[in-house]
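The following pair of complexes shares a single chain, chain A, combined with chain B in the former and chain C in the latter.
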Partner chain A sequence: MLNSEKEQQGRGKKQSQLREVLKRLMKNKTAAVGMVIFLIIALASVLAPVLAPYDYAQMNLDETFQTPSREHLLGTDEYGRDYLSRILYGGRFSLGLGLCAQLFSLFFGVILGCFAGYYGGKTDNLIMRICDVWQSIPGILFTIILCAALGTGWINTVIAMGLGGIPGNCRMIRAQLLSLREREFIEAEHAINCPSGKIMFRHLLPNAISPLIVSSTMGIGNTINGAAGLAYLGLGVQPPTPEWGALISAARAQIRYYPYLILYPGLMLAITILSLNMFGDGLRDAMDPKLKN
Partner chain B sequence: MKDNQFLSVEDLVVEYTSNDQVIHAVNRVSFRLDKGQTLGLVGETGAGKTTIAKSIIGILPDPPAKVRGGRILLEGEDLLQLDDRHMQKIRGKKISMVFQDPMTALNPNMKVGHQIQEVVELHENVSRKEAEEHAKRMLEMVGIPRDRFYEYPHQFSGGMKQRVIIAMALACKPDLLLADEPTTALDVTIQAQVLELIKNLKVEQQTSMILITHDLGVVAGLCDYVGVVYAGEIIEYGTLEDIFDHPTHPYTIGLFGALPSMGKRVKRLSPIHGLPPDPSKLPEGCSFSPRCPRATEACKKAPVEMRNLGGTHECRCILADKPGDR
Partner chain C sequence: MINYIIKRLLTLIPVVIAVAIVIFTIMYFVPGDPAKNILGQDATEEQLQRERELLGLADPYFVQLGKFLYQLFIKLNPGTSWLSGFPVMTELRVRIPRTLLLSFLTMALGVAVGIPLGVTAAVNQNKLPDKLCMIGSMTFISIPDFWLALEAVILFGLRLHWLPTFGMSSWKCWILPVVCGSLPGIASNARQTRSAMLEVIRSDYVATAKAKGLAPGAIKYKHALPNALIPLITMMGGHLARCLGGSMILENIFSMPGMGMYLTTGITQRDYPVVRSVVVILAIVFGVVMVLVDIVYAFVDPRIKAIYENQTFNLAFWRKRKDA
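Moving on to the complex of A and B:
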């Protein structure tokens, strides 16, 4: 009863798309929890300079391998650096890396996929054959080669991780567009003479993007994992930058004596990925106007 | 004379190519239409009615479709010769189209109002605000409250969706409206509403219309002229009275024979036997000859030309000059 009254009021009022999606997202408990957890982690990472009690690179060789205490809430590592500070800062690099690499591959994948799927024919063939070649190189090897060629560092890692994801995204968008462009409403758009760019990005893309959003939010986790692997190989983010994967690989040596050193960043990684997966799944539902209410 | 003609289609030929097979979808179709008048194209599924409409508005999928010949003159201008830039000014503005299935002809991810607004923005030189206002007025015109502007297509019923589509088609006051089976997907009561709406709007805006349908009842209610399409050809053409009161082509007669009629008492309706010919292998002579109860050897030899039966009434049948033995 109350709900329908509210709806009556809401009807006719202009509501931004974002607010509507958020409203629907909050109704899905799992997604809402996922979003809140992720926001907390993201916020903590962004506010790391304020929250962190110490400088993440400040060494103190008198206080190595300290167990958690009042001064160092999560203890210290082999160089006596405050572990809490390192994890907080680590979030910045890990999350940033995951997000940026996914956005990078999403952006270029969507553009290429749109052109391939919409124009078809020769354009499609050319783009798809490039993707074939691209994907014939094993993913991790491709990233390693790129990392070695581009050099280490945060930005280069983002590019290396992102490039590997482009053909996958491209294919997914293309497949969606191939079926969507035959639908009658696209024919109707042609009949009112809508320009190609507008048809592609305003009419086709919103109908095709949902599966990509899920795969991309879930892909953030994979990217963070992959970056950890790179860090272990000495590529990717370099010490003393405290990326989570790097923290894990650094703590491996002490796993028998100080297991919590590997536990904390591992837990953070797991929680982040879990919350992203919960959030991503709910987001897909929330973005589909048909599943409203 | 010809230059004053609002729309004239001359000898239009359209083919589809698939797997090295040529499908003759439209064969030498010609008709004329004056301003403010309505032409009904009737015929079976696959007869080429929709292809005719799509070639006029220029949205045939190419490949596989190709216009092989003919002219489509709109106010003396050949639409088939126009380059893209000029065609853009015509498509959507001067000519617009209503599609068959309202369930799929709207973008499910976009608010209906914005879809109408988009047409206006594309063709009229107005600000966003004005376009929105215009779109809301269009909604009201087709009998939908303006505050439903911000709703999605799935929140509308089929009939309302079709009305939104009609609003979209009429938003820029087109000179020519192509209605491709606008009521086929709707139930009978809604059909009547939508037809009434189209009729009124047409009169209000002085729009010419080509109505594609296989429902002779709809034709009787709306059209001034009727073209009967069979296997990509117009086999009989004339005013509503010509066709309904004096059907001449055996196919047209067959169509009426398959309809229940209030006046006549018949035990059984008589269907037309057989199926339309395979459009990739059309018969050499009259395309209806394999099914025609009156076909002679001469029918099967050479293609039949249009014959004038007086006035605007034309028929593609060699027996047609004997209107007496109907």
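Moving on to the complex of A and C:
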């Protein structure tokens, strides 16, 4: 840290923190590989309508359970739907689910955490006690219950997965704000009568958000994993939707004779989560070099 | 120390009651009519109404909530399953030990394999064992456990016929679920042990030990390891919680009739008494484990024990922590 600061002063120009982080990130091979793999998967999912050879919902009962061939690179499922197309489109549902749920929990976690950390006192106490109860229910159990209450489906899974992540994000932001709000620049804001909302979200939040970015990146992978588990239990996204967990859930009946139907979506899940974890690990090291072993 | 344990256990009570209220409220707002679910689609409105009154569903929210809490916490009787008509308590008595056994076994395997792996990796930092260990743990953290379990069923159960893939009739039935369930735990324990160990290895007292000429093995295992284990104990609570959650899915894959199966079938059949009591019991188990972890933590680390034993110091300590 000190060295890099000295270097910057020596060169006479101050690089932005973002560029510094990116530079460190690109030096880390694991993180770079993770990012590239994830970008490829994300791009493939976004471009699914262009890349997919067939419509993902198009059934063809003459061609059920085809093994991989030139027409159907990954074979077909029990209704003769092209499996490659289903997996490509499935990426949209799986990745979108992870991303949306993380954004959801980030949004509400940040707002609650900002209020708790900035105002302190009774507000803080109330929000923290709510978080205590929230977190005393084991994570997956809470999500299962929420899924039962909200019903199945993509949006409901996003909400259920997102709600579970709120207290963690809230705690993290609060802890950051508790120390930040005593700093001189905040005192200066108070002195010039800056509105509370502006202090919280314009001045405190940017200083407190970096650990959250890391945890959310890793969280996307965990959310995709958890949502797939829920879909497998029949509580998340339901089978006709080609979300990867739902694909596995639908293929469970064919486990004995057509195990490849379980293999491909699971592999995609594993590769996606692995790439996100590799990237997240590198991001954490890049953002806070002190933590690096 | 005893005061502290009692205090911690007492703080569990409001949390458990709050969990019960939250669960009850969530389940209260679940769309769908349980009476229709029990009697079937052809039931007349009159029959439905009678059933609702019988189940107490016609009462206002607060009356229902009060009755639920009274039955659960004062009479210790979570009621009967709406669909099977069996008392929930008798079911739970059989199922709780199974789920707990599965969770403890997966956790124990995760600790027994994960920690030595992490130590090996840290001791050989940046050498081959370390790299292999890190690549392996990163991979197994990322692989969805239920998919891994399904693939294991395909390979060892359906292809090779080595192991049974469902039920719990013999000890062999436990091998696949426990091994598959513990792999993510092994991986995360290995990673955490490695980083905790590396942190301790770099500390001053290890340098002192090296300087006075202690054997490297003695430094690593006798001096560094015990201190590296302390932060790991705090993580054991979360680890067990994950194992409990993981056993919900494992039970479904391997058709083991434990709490997880009970809960998921309860949810799909809208069997509210089952769902509520399973969740409250799991929350109690979870809370007790967290208290146990804290107590073990205090016993292992004399510094923390001192804080708990000296109450005045304790208060001052927390006040300082709060201000910081």
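Quick note on the criterion: the second predicted complex is superposed on the first by the 228 of 293 C-alpha atoms of A that agree within 3 Å, B and C clash if a C-alpha of one lies under 4 Å from a C-alpha of the other, contacts with A are read in each partner's own complex, and residues count from 1 in each chain.
Throughout what follows, a contact is a pair of C-beta atoms (placed from the backbone, for glycine too) under 8 Å apart; a residue touches a chain by one contact, two chains touch by 3 or more.
Predicted model only: the values in this text are computed from it and were never measured.
Student: Is A:Leu233 touching the first partner chain B, the second partner chain C, both, or neither of them?
Tutor: second
Student: Figure out whether A:Leu274 sits in contact with chain B (first) or chain C (second), or with both, or with neither.
Tutor: second
Student: After lining up the shared chain so the two structures overlap, which partner does A:Asn207 touch, if you call chain B first and chain C second: first, second, both or neither?
Tutor: first
Student: Taking the superposition as given, does A:Ile262 touch the first partner, chain B, the second, chain C, both, or neither?
Tutor: second
Student: Should A:Ile192 be classified as contacting the first partner (chain B), the second (chain C), both, or neither?
Tutor: First partner only, chain B.
Student: Going by the contact rule stated at the top, is it chain B or chain C that touches a larger number of residues on chain A?
Tutor: Answer, by number of touched residues of chain A: C.
Student: In the complex formed with chain B, which residues of chain A make contact?
Tutor: 11-15, 183-185, 187-195, 202-203, 206-207, 289-290, 292
Student: Contact residues on chain B for chain A in the complex?
Tutor: 57, 59, 88, 91-93, 96-97, 99-101, 104-110, 118-119, 122-123, 146-152, 154, 165, 168
Student: So in the complex, the part of chain C that touches chain A is made up of which residues?
Tutor: My answer: residues 15, 18-19, 22-23, 26-27, 29-31, 125, 138-139, 141-148, 150-151, 153-154, 158, 194-195, 198-199, 241-242, 244-246, 248-249, 252, 263-264, 267-268, 275, 279, 282-283, 286-287, 324.
Student: Under the touch definition given earlier, write down the residues of chain A that touch chain C in their complex.
Tutor: The contact residues of chain A facing chain C are 132-133, 136-141, 144-149, 151, 179, 221, 225, 228-229, 232-235, 245, 248, 252, 255-256, 259, 262-263, 266, 269-270, 273-274, 276-278, 281, 293.
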